[in-house]
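Below you'll find the structure I mean.
Chain IDs A, B and C follow the sequence of writing; residue 1 opens each chain.
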Amino acid sequence: MGPIAGVTRAPDPVPRGVAVLDGRAAGPPSRERHWARVGLGAASVLAGLFLWEAIGTLGLINRIVLSPPRDVAAAAVQLVRSGELAMHVGVSLHELVVGLTLAVAVGLPMGVLAGWFRRVAWVLRPLTGAFYATPIIVFAPLTVAWLGIGFWDKAILVFLEGFFQVFVTVSAGVRALDDAWLRVASAFAARPAFTFRTVVLPGAVPYILVGVRLATGRGLVTVVVAELLASTAGLGWMVAYYGQTFKIANVFVVLLVTAGLGVLADAGIRRLEGHVEQWRATV
Amino acid sequence: MSSSGAPLCDLRPSDGVEARLDPVTADDGLALRVEALGIDYWLPRLGQSLRAVDGVSFDAEAGSFVSLVGPSGCGKTSILNAAAGLLTGFTGRVIVHGRPVTGPGRDRALVFQQAALLPWRTVLGNVMYGLECHRVSRPEARRRTQELIQVVGLAGFEHHYPHELSGGMQQRVNLARALAVDPRLLLMDEPFAALDAQTREYMQGELTRIWSIKRKTVLFITHQIDEAVYLSDRVVVLSARPGRIKAIVDVTLPRPRSLALKRTEKFLEFERRVWDLIEPGGGQPPPDAGGAVR
Amino acid sequence: MLRANEERLWTVGALTAGLLVWEGAVRTGVIATSFLPAPSAILRAAGPFYAGAEMREHLVASGLEFLIGLALAVAAGVPIGVAIGWSPCLDAILAPYLAALYAVPKLALLPIVIVWVGIGLWSVVVVVFLAGFFPIVVNLATAVRSVDPTLLRVARSLQAGELRTIWTVVVPSSVPFFLAGLRLAVIGGLVAVVVGEMYASKAGIGYLVAVTGATLQVTKMFAAVLGLTLSGLLALWAIDRTQHRVERWRPGRSA
């Protein structure tokens, strides 16, 4: 009994407006609004590029210093064609990957140990507490003093930066493992190795990935800045060299590449985190 | 923190105390008149409009207490928001003291259901907030604030923060803030819904006491029939969505009303009458059920 | 309670043991002093180092660059962050630029900044500003978007204008977010000062670290780094204290 709620009635002589609450468009964000935002953003970028180009072309600011989009595009083409960009990207990535691999190789087992055995975490507290928040890049002059300018001084910095990220996230993850799961495993008299494979590992993997993601992001920044300060090759070196020789267009290209790499790595690992979530459900 | 603070006075009928009515302009004496109010909401995801309120009309005399009751979704809150001026774009009219409502105004104040207190301000700061927004002078604001804190029974708690107060006390602050701006129409949206049963009952008594001191026209929304009957001079019963008036019951119980009144036969009779209007027994639709069964 | 004491015991014990091992290794020659100086040597060098007039000049230079850059970051970041959070329109327009700049390491912008502004104090200030600007803007925008809508409705029902609403509701509600952003800005700013000076300046702690490192005055360099770490910890501690005082009204934190 009672009228059926909410169904639109047949057309009716009484005029109907639409109620608006709180003076703003009420309700959850609609499809149209989403596309409007995207459109506005795109328009803004286009307008910005146009303005940038215009200022450079009109000579309001020295063209070389300002480096409008057309120059940047031309520089990009040249750097890619000559293979120079690829070479330096390779150098930086090499430093990054080696450093990250070491970071995971050392940080992961130590993180698991620290998460599992409380005392291990306590013993390592002075180190991790002091250095977790400190950006490791400040030690660049030190590594250069120890190892000279080259490959390993950068790789070590990436290793240190990454180690702390991986260590902290993994130990937090292992510590956060639901006690209940572990009790279930022991109730079934599971061997430690089995427990490790079926409970600890799947439970910790998301945290491991987060740690790797953070380590990668910070590692990339560390590599580029360390190269900026002292190096003979790499993305940071390009920024420094072309900056000092006033080839600003090249610098912009490198910055775009760096930003792009960072975004790709971040997005890629997030994707992986998503896949792992599904895998977890099946283990 | 103890549950609701000690009562300042007994809730016995106080003989010989005249309820102080705020001076009212010489219009038709109606504080509130709702005429053929219709409210439609647009649902973008379904591409349809939803009729929440359909042709509701009722009045409230100046200084009277009117409750809106009805099932969930019947549009009670929408009607309140329309009267407050927070909701625009409705059909029909809402007239407050002779003036149609087009937006929020100084003559109306809202008491919300949830704790709508600024958590970073003390009780004093919160009560003053409305006065600040209305740009009342400092000395006047302070005078009114202090008076109202007394009236609502929070003397001594001026410098407490909201998180240090119980639910009942927070609602007192809400009420004090609304009364501070001296509105002519007080709009209350299920203010006691989030309180436990005992505190709720107690606050009903408190509200009656405070209302007898600071007499305003009140439009009150509630789900609880006994609360509506206890507090009001008039109970407006709404149907399920789309909300239409099922009936209007004038509660002729004498004032002042103590909580003990709730157990008298006359009170229960009124309560039963309202219940029957909402849930008629026997499964037969009552003759004035509004929209047809489809 | 017992667990906390045990934890402290292990941590302090490990720290002491580590320092002792370090000291011992250097004393017995296992580690060359030119490679890694002993803790005692660092502390001994730190004293006269910090007391010296030379150090004071560097401290002042770094301090100035840091504070000016940070102040600019706050002065620009707060209004822009609030504006972005409040107006979805403005947010849509500025979001692409902010996202692009966010992905670029701010310190990598140093060479460009130097070309535009020149070597010296101001280029470092600009980089400190850039490092601090983003966390503040992002956090404040999030803060504004998370304001309790009921409180906004209260303001509206009391006919509070847009400015008053922002000042009395949005801003106080955003303070915790702001402080979180400020923490990140401080950390980023400190790095920016140090690296900026290493690259582009002839004064300041960063410059000192670079010079002592390059000339293998390792002891002095460690002393400088130690000073740096301590000032960083001090700044963060100051923010935490402020957070505590300001958030007296939070549930569970009274007095």
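We adopt the following convention: a contact is a pair of C-beta atoms (placed from the backbone, for glycine too) under 8 Å apart; a residue touches a chain by one contact, two chains touch by 3 or more.
A quick note: this is a predicted structure, and the numbers were derived from the prediction, not measured.
More C-beta pairs in contact connect the chains of A-C than those of the other pair, out of A-B and A-C. When chain centres are set by their Cα atoms, the one at the greatest distance from chain A is B.
Centroids built from CA atoms put chain B at 52 Å from chain A.
For this pair, chain A with chain C, the centres built from the Cα atoms lie 20 Å apart. In chain C, the residues that touch at least two other chains are 153, 156. Counting only residues that touch two or more partner chains, chain B has 86.
In chain A, the residues touching two or more other chains are 22-23. If you check the complex, the residues on chain A that touch chain C are 22-23, 33, 36-38, 40-42, 44-45, 48, 65, 118-119, 122-127, 130, 133-135, 137-142, 144-146, 220-221, 224-225, 228-229, 236, 239-240, 242-244, 246, 248, 251-252, 254-255, 258-260, 262-263. For chain C in complex with chain B, the touching residues are 150-151, 153-160, 164, 168-169, 172-173, 175, 248-252, 254. Remark: chain A residues 1-9, 14-23, 26-28, 30-32 touch chain B in the complex. Of all the residues in chain B, the ones that touch chain A in their complex are 38-45, 48-52, 55, 73, 78, 81-82, 86-91, 239-242, 283, 285, 289-294. The touching residues of chain C, when paired with chain A in their complex, are 6-7, 10-11, 13-15, 18, 35, 88-89, 91-97, 100, 103-105, 107-112, 114-116, 149, 152-153, 156, 187, 191, 194-195, 198-199, 209-210, 212-214, 216, 218, 221, 225, 228-229, 232, 236.
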